[in-house]
Each structure stands twice: as C-alpha cells, then as structure tokens.
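In the two complexes below, chain A is the common chain; its partner is chain B in one and chain C in the other.
Now for the complex of A and B:
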C-alpha cells in the first residue's frame, strides 16, 4: 500500500505545480510570457555567456520589431474578417518599394519616404477591402474562396511590383557601414534606428489599442464581431480603420526589413510565415499577443543561432509555429476556445 | 521561380516546335498528378492542404538519396519514397488535422517550408543549393527503349522528352481513373460526408479524423509521384523547386479545372501551362522579364476572378463546394 501512495502523492504535487503554471499563463499571460523570456535569457547567459546573449538578443529585437509590426495588422484582419490574408507579406514588399521610389527615384529625405510608404500601404490595404473583401463578405464567401483570392492577390501585387521595378535586388539609402559600440556590443546604426522606431511604434500601437476608443473597438470586433455590432459599434467604420492600420504598419515593417536587408520582390513573402508564427504564438485575433509574439519569436530565432547553425534559423520559426499550433493552438496568451 | 525551365524561343516557327510542346506537356502532367492530391483533399475531403510541395520534396529527395547515396535501384527507391511521403503525411496530419481548416492550412505550409529548409541545409545528404544529380540512369535506359519503339513505329526523331511525356500522361490517366473509381465506393462517399459535415459523419460512426488522414496520406503519395517526374524532367533536384509557389500553382490548376472532379484536374493543368508557357509566342513589346511577371499577374487575376464569380472552377460542381468554414 505505502509504496503506491508515495508516487501518487508525488504525481499530485507535480500535477499541482503544472496546474499552477497553467493558471498563471491563463490569468497573467503577459507576466507569464515575460517570465518565460527572462528565464530563457538567464538560462542562455549561464550556458553561453552574457555578451553573446546580449548581442544576439539585440539582433532578435531588430527581427522581432519587424515581425511584431507585421503581425498586429495580420491578426486584427484575421480576427475581424476571418480572412487569412496571404497577401499581407506583399503589403510589406509594397511599403519597401514605395520607400525606394520616394527616396531613390524622387530623391525625398528618408523620413518623408517612410511616411509615404506607410500612407501608401495603408491606402492599398483599404483599397482591396473596398473593391474585394467587402463585396465578397456581402456574398457570404467561404474560407477557401477568401484564402485563394488572397493568394491570387499576392501574385498580382508581387509580380506587379516585379513588372514595374524589375526583380533585381535594391537597397534603401540607409547608412549600413557605421556601427555603434555600446558596452562591448556592436550594432549597425540602421539596426539601432530600427530598434528605436520599432519600440516607439510598438508602444504607440499598444497605447492606441488600450486607451483610444478606436483601438478598443478594433479589439472588440476582433474578439466577437456580432457582439460588437449588437453593442452599437459601427463595424464598417472600424473595419475601414483596421485596414488602414494594418496596411500602414505593414508598410512600416516593410521599410524596416528593407533597411536592414535588401529590397526585392520576395521580401514580404519570405517574412509572411514567421509573421504568421508570431500571430499564432500570440493567439489569432489578439493584437497584444501579436506584438509580444513577434518580439518573442525574433528573440527565439536569434538566440537559436547560439547553439544551431544560423542557416537553420528560418526553419526554427516554422517549428515554433507548428509546435504552438499542436500544443497550444489558442496561442501562448489566449484563453482556450474552439480552434 | 519553380517550374519555368522549358527551353523557349519567341518565334512563330517555334509555335509548331514539337520539342517545346513536349516540355510543356511534361510539366502539365507533373502538375496534374500534384493537383490530383489537392483534389482528393480540398475537393472531396474539405481538407485545405497547403503543404503539397513539401510532400513532393520528401518523395523526390528520398528517391534521390536512396539511389545516389544508398546505391539502391531506382525502381526499388520509387515505392520506398512514396512510403516516406505517406509517412510524413501521417506525421503532419495526426496532430494538425485536429485543428480548424485555416490553422491546418498554415500548419501544412510551415511543415513544407521546414522540409525545404532541411533540403537546403543538410548539404551532405541533399547537395543543398548545389543540387543533387545522378539518380536517373535507370530511367535513361527505359527512355531509350521507348525511343527505339517509337522509331520502330516509323517516327525517325521524337523529341528527347517524348518518352517522359508518354509515361507522365499514362500515369495521370491511370491515377485519375483509380481515384475516380475509389470515389464511387462507400469509402469515397464517407470522404464526401466528412467534407459536408464532419460531426454528422462522426455521429453515424465514421471516424472522421481517420478518413482525413487517409486522404492526406494519399495526397502525399501523389505528391511524391509528381516529385519523381519533376526530378526526371530536370535531371537534378534543387530546394528552389519546392517553394510554396509550386503549391499555389497547384491550387490554380485545381481551381481552373474545377472542384470535386478528378478529370477536370488534367484540363486545369494543361490550361495553366498553356498560359504560363504557351504565351511565349505572343510577341509583346515588353522585355522577357516583364513578360514573365505578366504571366503570373494573369494567373493571380484568374484566381481572383474565378473565386469571385465561379468558385467551383470551370468544371467543378457548385453543389459540392463547401462555402462555409
């Protein structure tokens, strides 16, 4: 008798701890996520040393800001319209090319080029809502229809850009040679600017979503469109703003990606799947989750290079995506619901 | 850009060039087999498989590795490679098929991308971006035999790829006939029941997940077979050939032909490749790079317009199209 009691008690204790960890994840998801990242960082510091972890962490923040900016729009559009927008990556590409056009061809200052990219991509996003998605929703189009339309649209945008601008690799006129050294860490000036812009933008997005009425309405729609409509929210207007918001942020993410790498027609599509991973990590439809998911994914991918060949890092993003879908499809921070 | 490998000349004389059209025909046949897998998934089971290019890669690379690194006979490697793709299909499907349709689509495209990155990075095994060669000597022998038969029949110089064209389309017809026959069995009817209403199928005692898994496994096997023909057509394997673009073009084939109709897949494949390759003879006053971009813009517009105005595709059955989610 007594032999079997001890293991049973141990199992119960282990279960108790497991449940406690789970309920922390459910009640204080952001705290839990932060704890996870800090724990990961500390573990890595012990294994690999502070310098390497900090250096790759900075790279992770660069990547993470781009993912996060791309993911917010994608997750809101998904949550509100149930549209898996496979053309979202092409929004990023479009933004990068508008910046290229404004800065290189027209010779505008970089800041103006970034503003132009954000504005043009926002208008692009809204344009397709008005011409394609709204009429299709009115007809009650199904998942497969919308999915394949989005893929068709991605073809049209990507190859439209290639038609106009050609497929050669371009660079935005950012300064990519000078580096900044800080406490033994090296970072390109452009990367530093991207982190700075990313942090400001992500904080601003967070504040808009949390404090402004429009942001709250967007989240309400993403959470439950019918309920929001019943509560008297003008869903049409909020949808319009959501597309402007999603497009503009995608444009900014595209410029940032173009600034730290190169501008080419496949720029956005290459980023789309990691952005999906960030969205799923944060729970589909959860805007805050997408912000956190993007940053966490960027860090995980860059930290993975500490013990894996860097060539595998893209695959790590996809592995995270599948892992989260299989283990916790509602996302790290989401509440359990039908998925 | 995968698939665009056919030798081409932009002259009217080339319009009658049999060698050129043989190449287009081989590509169309390869895509037809590829899209037959999508048809059983999307058209008949309601499973949106976005990872077909990954299954194709598993099949093609397993064959290549077994022959080149393992020294196995090509003919023995083929069934083993199909088995590997089927296994991978089960491995992906078992956890992922429990997800909602849209999550499943994203999970499968991610799985396919992991396969492609693995093929790119495991250089010792796959040759990475340098490509993998030397798996097709057995096929070259058979191809020569077919060539001799053709010459014995009085055709003095058939195009080099003509034997492959014959074998591809014979396979397309055989597989289409088998799948169409399977669709008329009770098993096929359960697949459609799962597509129409999973809960109802389960309520009458049909294990929906098992049927979806079978459907995905068959699609993976078909993807592997398409991978063999792609490999024989190119004479080498390169990870670039297995980009998600290939799957998306497969969906274009599926939709052009029509949903829930196996025979329509062949029509869709021929149509798509006529658009993508046959238009080389249109003498447009633009650079060839712009022409290439324009072709894909046309494919994109076709997809959008078909989805908007005829979502079941040209020869599909509207009443068999599941519109809801």
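Now for the complex of A and C:
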C-alpha cells in the first residue's frame, strides 16, 4: 500500500524542489549542491528511516573519500597543464603496489608503507612530467597527442605492474573485518581510518591551495600559463609541485582503495571512470569541486541502493553527472566560460 | 599443399620403416584392417592465466600439458603416426581477449579448442570464432545455460555439467543438510553476469519447487570498490541459509563486507564451483570463508581413473589441484580421440565424433587405457571415454550429463571435499 503512494508523492515533491533548485544552482552552486544533498538525505529519512539513510550515507562517505582523493590530483593536472591524464588510475594502482611491497615484502610498518607509497607515486608523476610531458609541451603538442600518450602510458604502467607483481589478487595487511559500532551504525575500522585520512589530507591540500603562495601561483597558471610566465612566475617549479601533489594524492588514494578492497593490476583502472565523473561533476580543474564531486557521487550512489536495484549503482552516478551538466555545463564549481 | 605432400611422403616412409621393423622383430602382427592414417593435430587451449579466474589458469594449463604427454605416449605405444601438440593462449578472463586468443591459436593451426573458462568468454568465442571457422570447442568450465541453447551444429560442447544441473544439485545439498527444505528461507547474493544470474535463477526455481522460500535476492555489479550496502541487504532478514554465487576476485571484496555486517554467518552460507578455490581464505580472509560450504562438479569417489589422475598430477609437480583441471585434461583427450575416430585433424570432420567418443555406445576406456582406445578407434570400434573428471557422456546439446557434484567446506583456511550428491538426471 504505502509503497505505491510514497514514490508518487516523493516525485511530486522532488519536481517542485527541482524547479526552485534550478535557479539557485545557477547562482550559488555550492550552497545549492549542499542544499540538494541535505534535501535528498531528509527526503530519504522520511521514506526509509534515519538508520538506513545514515548507514548507507556512511558507506557512501567511504566510497566518496576514495573518489575525492583520486579526483583532486586528476583535476589539478588538467586545470594547470590542460592534460587529461588517463594514466591517473594507474598511479593509484602503483601506489597500492608500493604499499604492498613495503609492508608485505619488506615487512615495514603500515604507516611507513603508506608514506613510501605516497612518496614513490609523487616521484613517478614527476618523472613522467620531466621525461614526457614537459618535452612534449615544449614541442607544442596538442590536447589529442597528449591524451593518446596518456592512454598508452596507462597500459604500459598497468601491464608493467602485472608483469612484475603478477596478476593474482593481493591484500594489504589491514584488518578488513573488524568493525566499530556506534548508535546502531556499523563501519569497518579500516574504512573509518580511510574516511579520517581522506578528510585530513583533503583539508590540508585545500588550505595549501587557498592560503599559500604556491596555491595562488597554481591558480595563476590554471588561468593562463603564458600570462603567468610573463608575470614572473617560475612555471617549472609550479608544474613540478603540481605533479608531486597529484602523484602523492593518487598514491594515497590507491593505498586507501587497496586497504578497503583488494590489490590487483586493474585497481585504478576500475576507479578511473567514477573519478572522472567526480572531476567533471565538480567542474574540471577545480580542486574543491573534485572533492565535493567525489563525496556527492559516493553518497548518491550508496543512497540510491535504498530504493533501486544494486545493478543501477554505476548508472546512477552517471545519471547524476548528466543531470548536473544539463543545468550547469561547467560543473558545480566551475566558472562559466563561453560555451 | 607442398607441406602436406612432404608430410605424406615422410609418413609413408616412416610407416614403411615401422612395418619393416616390426617384421624384423618378434612383435605380434597388428590387425590387418587398421587405418594407418597419419595425424597432425594442434589443440588450441584457451586458459585464464590472468583476470578474475586467474586462480584456475595455471592448473588448467598443466592439465592440458599432462593430457598431451599421455597422448604422445599412447601414440608411441600404439605405433601410430600421430603428432599432437597444444598451444596455450591467455583469455585474461575477458571476452575480447578470449576471442583474440581463439583467433591466434587457429592461426597457429589449431583445429580443436579447449576452453574458454568463464561462460562470458566461451560464448563469444563460440559465436565469432568456433562456429564461423567450423572448429569444435570444448569448454572445461563454462556452466552457463546459454551454452546449451547455442545453435552450434554440434561444434560446442563442455566436459562440465551446466548450471541447470548445478542449481538443483546445490538445492539438494542444502535440503540434505536441513533434512527438509519446507519453509526454510534462503537469501541469494550473485554477481551480475551470465554465471551469477543463471545459477541464481536455477537454484531459486529448484529451491521453491522443494518447498523452500527465497528471502531476498541481491544481484550486484562485479566491479564495485565497495559492497557494504549489498552485504547489508544480503545479510538482512535472518534467513536460514545464504547462497553466494561469485568468483574469487569479487568475493575478496564482498566477503569482508559480509563479515562487517555482523549478522552474516559463514557456516550458514553455501557457494558454487566459482568460489571453490584454495586461495580464497587468503584473498577474502578466514572470517569470510571459514565454515562455508558449496557444490562443484566432482568425480565419483570410487572412480579409479580420477585417483590415478591425482597421482599423475602429484608426480608432475607444479601447481596444485584446482576445480576444472581434470575437465580440461578430458577436453584435450576428447579432441584427440575425436580426431583419431575421424581419421583427420580437420575441424569439421573431427567435430562429428566428439560426442560419440564421450559416451555410449562403446567399450569404456579411461585415460590410462588410452592406447587401447586408440587401437579400438583404428579398428573403427565404438569408444566411450571415461574421463578423469567423470563419465562425461555428452548429450545432444553438448553438455556433460554424467558425474557427481562434490560438496566441499572451507576448513582451517583450505577447501576440503566431504560429501557428494549425484548429478540430477534431467530430461534434456
């Protein structure tokens, strides 16, 4: 009985909200996005009960923080260097395997393994900048050439890892089964750590970008690389830091993803599409947008499971993306440009 | 053309030499009417060395190699002019890679395919390679019912029984455990592909037929990074038992999520052949596997050919036993026997004999009696090959119809078989 009435009422309510939200979304995207998520949560609480919504919301945060960590690096590189780094997913995989090497093979403590993974992936990112991207930019390579190189690089890294480490499933020595229970909500201990680490790392990056001179310079490069160079900014130094940031964050995201799931050569590639979705959702090139995009995507995907079949998970994420882009082609946080 | 001519001349010379030798020696004379055809057969083995079924790849390849050794020894013993070799290609457990692998082995001269393993790989290989090129294909491990329905002119077969048998077998095993299925509630979790949904359906139908109930059915995407919400749904409602239909790579993520729900119980959980892997306790964690039971195509306990195969496997060294390895061994031998029966290594004529040599009528021969089977075939006698994995006995649709399902349990971080249920005889 109630099942047939409730969705119809909800649709009508949602339609009303949608019209109001449309104008708000155009003017104040951040407030609107937040309001939309809160409204969605409240609507779901009414329909499905507080406990279920909170539990799936927590699950969504785990997913979202992995997406967000992966997305920030990808969007920074695009924003500043105009490079669509298809190999970004493989950076995640690389990070996970470095952590595996450090913790399982070499027997280092977990914290050291995480640090090693972050450092190694940062160096990897910088290495490709110095050997591939910088010379290519100097020769005036276009977006398409760079994109194809990045796709090729992705295959080289993925199969390189598979060649060295094998294709079998590995696991990091994190405890994946013990849980923390609070007010009837359950979350894996490792997942809680992932959310915590994600929040700390993302806040730190956010502060660096906003407050430090380096962040200001990065934004200057993102606006116009030539103009920034003329203005006396050492663009080489800024791009170097960009790659270190992007690589390091990707490595961290890889370890986090490996910690809550398994480590295999396709780890990063499987995450690449939702990470791209998070980047586009937030507005290409905007670090905060990517962060918000990742979290929104994670929440929406998990919440959708309350009333939709689990098979729709991936489709829902992209449906949200399309919906947002229809209203705001530049993404939630992107600035309107001539379209 | 030149090649065959040369080969022909060579074989005639060698055969003449052999006749001369045997005439000189004190050996008994061969039967006069024997076909003295020379045979140059290449078998293409499509194994999942990487990807979701990578646990099964190396043992599968070893089984194929062991079969080739047996074939070569048998040919030598009989004195037949048979040159048989195998080329292995990795399917990556990916449909596209499988099709490419099949094209490659055919380009290498293969006229009989063993593989692929995942149903989702076997079907595209069948449709776009085997059926187009008129090459027989024998899968050792694909259990999807869709393969039964392929309009393949007898080209596609498998040495393992299909899901439409395993679903009922699993239901029988669970009923046997409960005493009666009446009113017992089972929650199902299955991966969203041909294997997962096919088995979920065939199990559910049979379970309800036996008077049981299906509590909830969760079909999940195999490539998600997080399965908390799915796991919560599977574990909800306090059912009497759980049925999980999955492959190791995905279960390594789903299993821990099930443990984290705090409501799920491994000892109440039943799985299928896809998860019968001794490395699963390591990949998914002990807590996600210990006490879990399941069914998988097996060999009758009293079968001596199976025991002999066990010994052969141990003596050879290399990777340990794994589900479907014996089936791949048998698939390879079937390719060879069919080729001998046809007196040709040509795909289309070979295909006509695959079913005939797999089952009645005919004298039963195990792999240990391979030389006798070859002699019988050369006398144009009927042969019924009894495999290392069971009697096989392919039906019209190319499905194995005889054998048993093992019931296994995850115990102390390993898989142990503790019982068996007979393969349900269905009118197909």
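Going forward, the second predicted complex is superposed on the first by the 301 of 339 C-alpha atoms of A that agree within 3 Å, B and C clash if a C-alpha of one lies under 4 Å from a C-alpha of the other, contacts with A are read in each partner's own complex, and residues count from 1 in each chain.
The working rule: a residue touches a chain if its C-beta (ideal position, glycine included) is under 8 Å from a C-beta of that chain, and two chains touch if they have at least 3 such contacts.
The shown structure was predicted, so the numbers you read here are calculated from the model rather than taken from an experiment.
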Clash or fit (per the criteria above) of chain B with chain C on chain A
clash
Going by the contact rule set out at the top, does A:84 touch chain B (first), chain C (second), both, or neither?
first
For A:169, select first, second, both or neither according to whether it touches chain B, chain C, the two together, or no partner.
second
Taking the superposition on A as described, I'd like to know which of chain B and chain C A:50 touches: first, second, both or neither.
neither
Between chain B (first) and chain C (second), which does A:314 come into contact with in this model arrangement: first, second, both, or neither?
both
May I ask you to decide whether A:192 touches chain B, chain C, both, or neither, giving the answer as first, second, both or neither?
neither
Look at A:155 in the shared chain and tell me whether it touches chain B only, chain C only, both, or neither; answer first, second, both or neither.
first
Touching partner for A:37 - first (chain B), second (chain C), both, neither:
neither
After superposition on chain A, the stretch of chain C among 63-71, 171-179 or 189-197 that runs into chain B is 189-197
Set of chain A residues, in rising order, touched by both chain B and chain C:
162, 167, 309, 311, 314
Complex contact set, residues of chain B against chain A
42, 48, 95-96, 99-103, 105-107, 109-111, 113-114, 117-118, 120-121, 244, 248, 251, 255, 289-290, 293-294, 296-297, 299-304, 307-308, 311, 321-325
Seen from chain A, its contact residues with chain B in the complex are 82, 84, 132, 135-136, 140-149, 151-156, 158-160, 162-163, 166-167, 269, 273, 276-277, 280, 284, 309, 311-312, 314-315, 318-319, 321-322, 325-326, 329, 338-339
Touching chain C in the complex: which residues of chain A?
55-56, 59, 62-63, 66, 162, 167-169, 171, 176-177, 179, 181, 186-188, 191, 257, 260-262, 264, 270-271, 302, 305, 309-311, 313-314
Over in the complex, which chain C residues touch chain A? Could you list them?
49-51, 54-55, 192, 218-221, 223-226, 228-230, 232-233, 248-249, 252-253, 256, 259-262, 279, 282-283, 285, 287-288
